[in-house]
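Per-chain residue numbering starts at 1, and chain names A, B and C are given in the order in which the chains are listed.
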Amino acid sequence: MTGLDFHPVFTRLLFLLGGVGVTVLIAGLAFVFGLLLAVGLAVLRFENQGTWRRLSRSYSTALTNTPQLSQIFAVFYCLPLMGVMVSPFLSVVIGMTLNAAAYLADILGAGMARVPAVYHEVALTLGLNRRQTYLRVILPYAGRTMFPALANHFQIMILGSAMASIFGVEDLTGRAYDIGSTTFRVLEVMLVTGGLYALLSFALTGVFSLFRRTMERMV
Amino acid sequence: MIAFSHYDIALLFQAMVRTVELSLGGGVLGIAGAIILTALRLSDMRGMLPLRILAVVYVQTIRRIPFIVTLYIVFFCAGMMGLDVSATVVAIGSIGLIAAAYLCEILHGGVKTVPVEQVEAALVLNLPLWARWRYVIGPQAMSAVVPPAIGYLVLFIKDTALASQIGVVELSQAGVILSNRGLPSAQVFCMVLLLYFAISYPLTCLSRLLEKRIAVH
Amino acid sequence: MPYIDVRDVCVRHGKNETLRQAGFDAERGEIVSFIGPSGSGKTTFLRTLIGLQPVWRGQMGVDGRIVDMAAPASARILREQAAIVFQQYGLFGHMSVLRNLTLAPTVVAKRSRRDAEHEARALLERLGLANKADVLPADLSGGQKQRVAIARALMLRPTLLLLDEPTSALDPHKVRDVGVLLRDLAQDGMTIVQVSHAMNVVSSLSDRIVLLEDGQVRAVGKGRGCAAQLPDIAAFMNTHGGDAAADPAGLRPDPDH
């Protein structure tokens, strides 16, 4: 057994820290696009009784019951078959977006179901159309009650984005793996990386609670 | 349409068994770990304070580290300590470490839903510790623990896919192998996803059913 | 020496003393009422008597046997001699009424289930709950829940029965029933200590009244009708919605009896 030697890791700390940005970028992009898709899915679920509703539900059921890694693999291997050439980074973002949409649609659906029925009626009597009703009344109201669940899912996505390293993306884990394979100090670099993820997550928790408090004060 | 040979089918089947093994093994370890962690967090003996803090820090921190990073850490730690264990054992151990933290949060939260008054009622009846848990706290916490615990189980069945990264041939890795053997990727990955779904979906349904049952009562 | 003799009970929360040298005594079969403004320490005092509230100092004598209330092992001993009925009853919602009653006798006192059930059914019958043995507490009315809670306490065969606000959650017409029941139990030799805000109940039921203020015992009234005799107690009761001399519930036994 040899001792731990963190020196080679610390000399490359700046490179490693750069990975934090890539990690946040991947999770952020997938979250934003996933949320857009999810709004569509949730509205479908809410407005329709028949096939569309069932399709939207099935989408969530299918993607929440299969691993994100396999979904990204499917995107990674199958898009080129369809003649679409995308970078590993984009494959990961697409895979994570599709996955996030499934979970976020469930969260949005549950949040919208909690909006009192009168709100729909009030919006109608005020002369708002469907689109305005959702954008101005339903989603803002639901958004407040769903904030903790959405924030929690973003944290899950930060953790999930570590899968990007498997496809050769230089996110935090990817860079850690690079450093590990050039310095042979894998354990040390992974310990530091784990600490960085924990710090990032604690920081996000702080940002979210600050955001929530200012939001509440504004109301 | 599918050109699977029976070797391919056998590989898929073995991989699926491995996935179930990882989930079950990790789950059992996780439950055991969660019980110990929760007991530490709830202990009110004065000398236990450092252990209590340690348990909270563990639970709070490990849930903020990606599974794949934990997996690498455990894998290389085992290697460094000269432990001669298979990748499967490392993966089960890692899953157990993480599951213990998540399940501890669920268990701890569930126990906290039992009103203080119920605990006091058990205390004044002079029920010993084991009887307070067996007859009063346990049964009442159950409804707040079991559905989310199963829900979490479903989540980490999918995380077992990452065990492929330390060389465990489980379901998702079998998909990659078959695809690299030249089998049609689209069909291979559909198959893999379907098999995961077959494991995970029944549990999702069970969790929802239990939740509804409890909501009725 | 009195049958129950509680002395010098001190409770501290940090630097605050929520109970200062509180004490009282009572003979066998007496009903004692703790009264006082909210925050005066009545409920805290009651909870010390059954080891739910850690005390800094204090001792309790029951029939000449002295317990050091500050000793770590005192809770178990206190709970062997006393039983408590909580304000919200604290019935176990997931167990039948019968199991609520037999749990402690079978698990703690190691009595046979059959024996305990026999006694429990007899007790339920006495309290007018014979047909409620197998229902869940959620299906009972407030008054019924309270009687089940009392029955569960009685199953422990306590020498001292404690009640926290026994009438606060009851309809007015049920208040009298509880009073009659407590009187009956006291006549059988059980010593009862209650915390109460209902001054009418206090004045008609109590053999002794302990007035607490700021964690200290301000006044103690002894004997039937004591409420009217002590100026402190009478004043407190008159300002808290009761008439110290009145007996509207008709619970006070005839003095010549």
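Just so it is clear, a residue touches a chain if its C-beta (ideal position, glycine included) is under 8 Å from a C-beta of that chain, and two chains touch if they have at least 3 such contacts.
According to UniProt, the chain labels map to these proteins: A, B = Amino acid ABC transporter permease; C = Amino acid ABC transporter ATP-binding protein.
On a predicted model such as this, the values are computed, not experimentally measured, just so you know.
K.L.:
Touch graph of the chains shown: is it line, ring, star, complete or other?
P.N.:
Shape = line; chains linked end to end, path left open.
K.L.:
Any idea whether A-B or B-C has more C-beta pairs in contact?
P.N.:
Pair with more contacting C-beta pairs, A-B versus B-C: A-B.
K.L.:
In angstrom, rounded to a whole number, how far apart do the mean CA points of chain A and chain C lie?
P.N.:
57
K.L.:
From the mean C-alpha coordinate of chain A to that of chain B, what's the distance rounded to whole Å?
P.N.:
Each chain's C-alpha centroid was found; their separation is 21 Å.
K.L.:
Using Cα averages as centroids, what's the distance between chain B and chain C in whole Å?
P.N.:
The mean C-alpha positions of chain B and chain C differ by 48 Å.
K.L.:
Under the stated contact criterion, what part of chain A meets chain B in this complex?
P.N.:
Contact set of chain A toward chain B: 1-2, 61-62, 64-71, 73-74, 77-78, 81, 155, 158-163, 165-166, 173, 176-177, 180, 186-187, 190-191, 193-194, 197-198, 200-202.
K.L.:
How about chain C: which of its residues touch chain B in the complex?
P.N.:
The contact residues of chain C facing chain B are 50-52, 75-76, 79-80, 83-84, 86, 88, 90-95, 103-104, 107-108, 152, 156.
K.L.:
Touching residues of chain B toward chain A in the complex: what are they?
P.N.:
Residue list for chain B touching chain A: 61, 64-70, 72-73, 76-77, 79-82, 154, 158-162, 164-165, 171-172, 175-176, 179, 185-186, 189-190, 192-193, 196-197, 200-201, 204.
K.L.:
So in the complex, which bits of chain B are touching chain C?
P.N.:
For this pair, the touching residues of chain B are 117-118, 120-128, 131, 135-136, 139-140.
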